[in-house]
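In the two complexes that follow, chain A is the common piece, with chain B as its partner first and chain C second.
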Partner chain A sequence: MTGDAGTYVYAVARSAVECPDGVGSVRTVAGAGLVAYVSTVPLAEFGEEPLRRSLEDLDWLSVTARAHHRVVETVAAATPTAPVRLVTVYADDQQVRDLLERRRDDFLDVLSHVTGRREWGVKVYAGHSSEPSATARGGGDARKPEGGDAHKPGNGDARKPGTAYLERRRAGLRGREQVRRQLLARADHMHAALSALSVASCRHRAQDPHLSGRTEMMVLNGAYLVDEGRDEEFAAAAGGLGGDGVEVRLTGPWAPYSFTVMEAR
Partner chain B sequence: MDRIGGTTAPAVRQPYGGSGREPANLGDILERVLDRGVVIAGDIRVNLLDIELLTVKLRLLIASVDTARELGIDWWEHDPWLSGRDRELIEENRRLRRLLAVRGGDE
Partner chain C sequence: MTRDVVADDRIPPERVALVDLLDRLLAGGVVLTGDLVLSIADVDLVRVSLRAIITSIEAA
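Showing the complex of A and B:
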């Protein structure tokens, strides 16, 4: 049966728990003391060519991402779990068993690292109000077209309108740069404070406004692996970092997506 | 070991996404399932899929490159998924955007 079906892998854990459907009904493949959560998928949808097209289709992608995530989070809520990257498809179950045996030690390392811990996401947004960009943006309208009159020699006060505009604009940019630096410094400080409460932490790139659905600048997109007993403490600390034009958004707990790095090979 | 049932803190409505905290939105989920988690190579399809996921990643990435760089976040410059050609594309996109911004500002 190598022709028309493949084995889709969601996650690897040490024990089997009950699971909702993902991209298909979910079952487990056991090997080397580990369990892989998998579905049988049609290659008509999950083969190379179909995926080449459907991964460009955001509707398909969002349905698949949610299905994948549903399985991962269910397993992670019940037992230490290593989530696997979206659309990882093997030829058959035997390939998955081989994988579990070949990478057994790596998986066990990852699983012991996340045991008793949960991932939290912290996104920090800086609102537009703190950004003095109005001068720079409005500058174009204030400019006057006449140039000859102001060009009188000996008159120290009457400067070219163009010069005044450029100076205003430069001042606006300087102010904006200063605000930006302050925000970045504050984000560094927040990340350090949250990392101190975590077993591990990492900063991800700022999320695209299309993904976040927000236009404010994202100054921190952090992930934190926190001992279960410290969840509330962490949440309180995160909440306390906001205010003063800065908004903190806490998400989680997540399956440890950000802390299950294994060398690809 | 199993903490899905009674030991769940009252503040948490469901295992993932509790009251008082925002539930996972699609952006958060996509960010995680596409960029994080265990990458397993070894199957032929995976190698090819890396290329496909790359195009998605690029699309998500390109609009925010300037923001990310401003924030000092430059992971794509070290991301093994991105080839030199992809970086060139990102650079080119950035240059064009900057050019547009400059033109627009001076009009």
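Showing the complex of A and C:
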């Protein structure tokens, strides 16, 4: 390969399976008893400078992430898979073969760790505590007015506006902070309960409401590596954690993206 | 509880599923260093990018 193309790596597994296109047509590079799933990509798009710009572009990121995911999903559905971080580009196939040789033991460790297990995501949202939890799905547009609902004008026209309002507002802020702490503590308990049913677990950062389209507070964004035989048990446990103003969303099964950490070297 | 199947097209905005995907694709997966042309293992770069994305959505 010349200097204007690179080798994009999606995933590493022990065996080769048929794959749909990713960011390009997908082929495999074999070495050390392992198989890397790769595409040849133009460095005009996947070089460092173009990528710095592209990563700012939500459409590009979305298309690329889905393409990457499509390949990883396909491989993971067929064989234990170590997904590779989005946008990992080598100069050529030989470098990928070298990588498989050099990191063989690490890859084998990761692959045996994820064999027979799947990743589940559990997201927990807390609605506004004094309101019934929103039942409308999707969109996530901010229809709900922020606070203050409980004090509709009508019977209060005669009250002193200034002081009463400030008092109420202060009490409201104190109360909200207390509620927030309670919710975070509850999320810690939920995470512990789900972790007990998992082989491994981790917490991702709470999603930005602008990206998730949800106005509620996300108190838990967990990932759990679960033995395949315990999927139902895990799902039931996750479901049992909801209610009381808290909404639980289970996603998955995912390829084990969150559980393929290898020591950097 | 609502149970989402990954890639379930009932999830309305494309973005909602994308954000779950990005949690994993930008924070998970095997991170390789060494002879790379490029890896966005550099989390700072990613955070900068997401900030830009969020800003662009807000502006829209």
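Please note the rule applied: the second predicted complex is superposed on the first by the 224 of 265 C-alpha atoms of A that agree within 3 Å, B and C clash if a C-alpha of one lies under 4 Å from a C-alpha of the other, contacts with A are read in each partner's own complex, and residues count from 1 in each chain.
Assume a residue touches a chain if its C-beta (ideal position, glycine included) is under 8 Å from a C-beta of that chain, and two chains touch if they have at least 3 such contacts.
These numbers were taken from a predicted model, which means no experiment stands behind them.
Overlaying the two complexes via chain A brings chain B and chain C into a clash.
In the superposition on chain A, A:162 makes contact with neither chain B nor chain C. Using the contact criterion defined above for the overlaid structures, shared-chain residue A:42 touches neither chain B nor chain C, since it reaches no partner. In the superposed model, A:180 lies in contact with chain B only, and not with chain C. In the superposition on chain A, contact of A:51 is made with both chain B and chain C. Of the two partner chains, neither chain B nor chain C is touched by A:20. Once the two complexes are overlaid on the shared chain, A:248 sits against chain C while remaining clear of chain B. By the document's definition of touching, of the two partners only chain B reaches A:218; chain C does not. In the overlay built on the shared chain, the residue A:77 is in contact with chain B alone; chain C does not reach it. Legend: residue contacts after superposition of the two complexes on their common chain; A:65 is shown touching both chain B and chain C. Annotation: chain A residues 6, 9, 12, 47-48, 51-52, 55-56, 61-62, 65-66, 68-69, 73, 82-91, 95, 99, 103, 110, 121, 140, 204-205, 207-208, 210-213, 235, 249-254, 257-258, 260-262, 264-265 touch chain B in one complex and chain C in the other.
Within the complex, the chain A residues that touch chain C are 6, 9, 12, 43, 46-48, 51-52, 55-56, 58, 61-62, 65-66, 68-69, 73, 82-91, 95, 98-99, 103, 107, 110, 119, 121, 123, 137-140, 204-205, 207-208, 210-213, 221, 223, 235, 238-239, 242, 247-254, 257-262, 264-265. By the touch criterion stated above, chain B contacts chain A in their complex at residues 1-4, 9, 11-12, 15-17, 21-22, 24-46, 48-49, 52-53, 55-56, 60-61, 63-64, 67-68, 70-73, 75-76, 80, 105-107. For chain A in complex with chain B, the touching residues are 6, 9, 12, 17, 47-48, 51-52, 55-56, 61-62, 65-66, 68-69, 72-74, 77-79, 82-91, 95, 99, 102-103, 110, 121, 136, 140, 180, 184, 187, 203-213, 217-219, 228, 231-232, 235, 249-255, 257-258, 260-262, 264-265. In the complex of the two chains, the chain C residues touching chain A come out as 1-4, 6-7, 11-16, 18-41, 45-46, 49-50, 52-54, 56-58.
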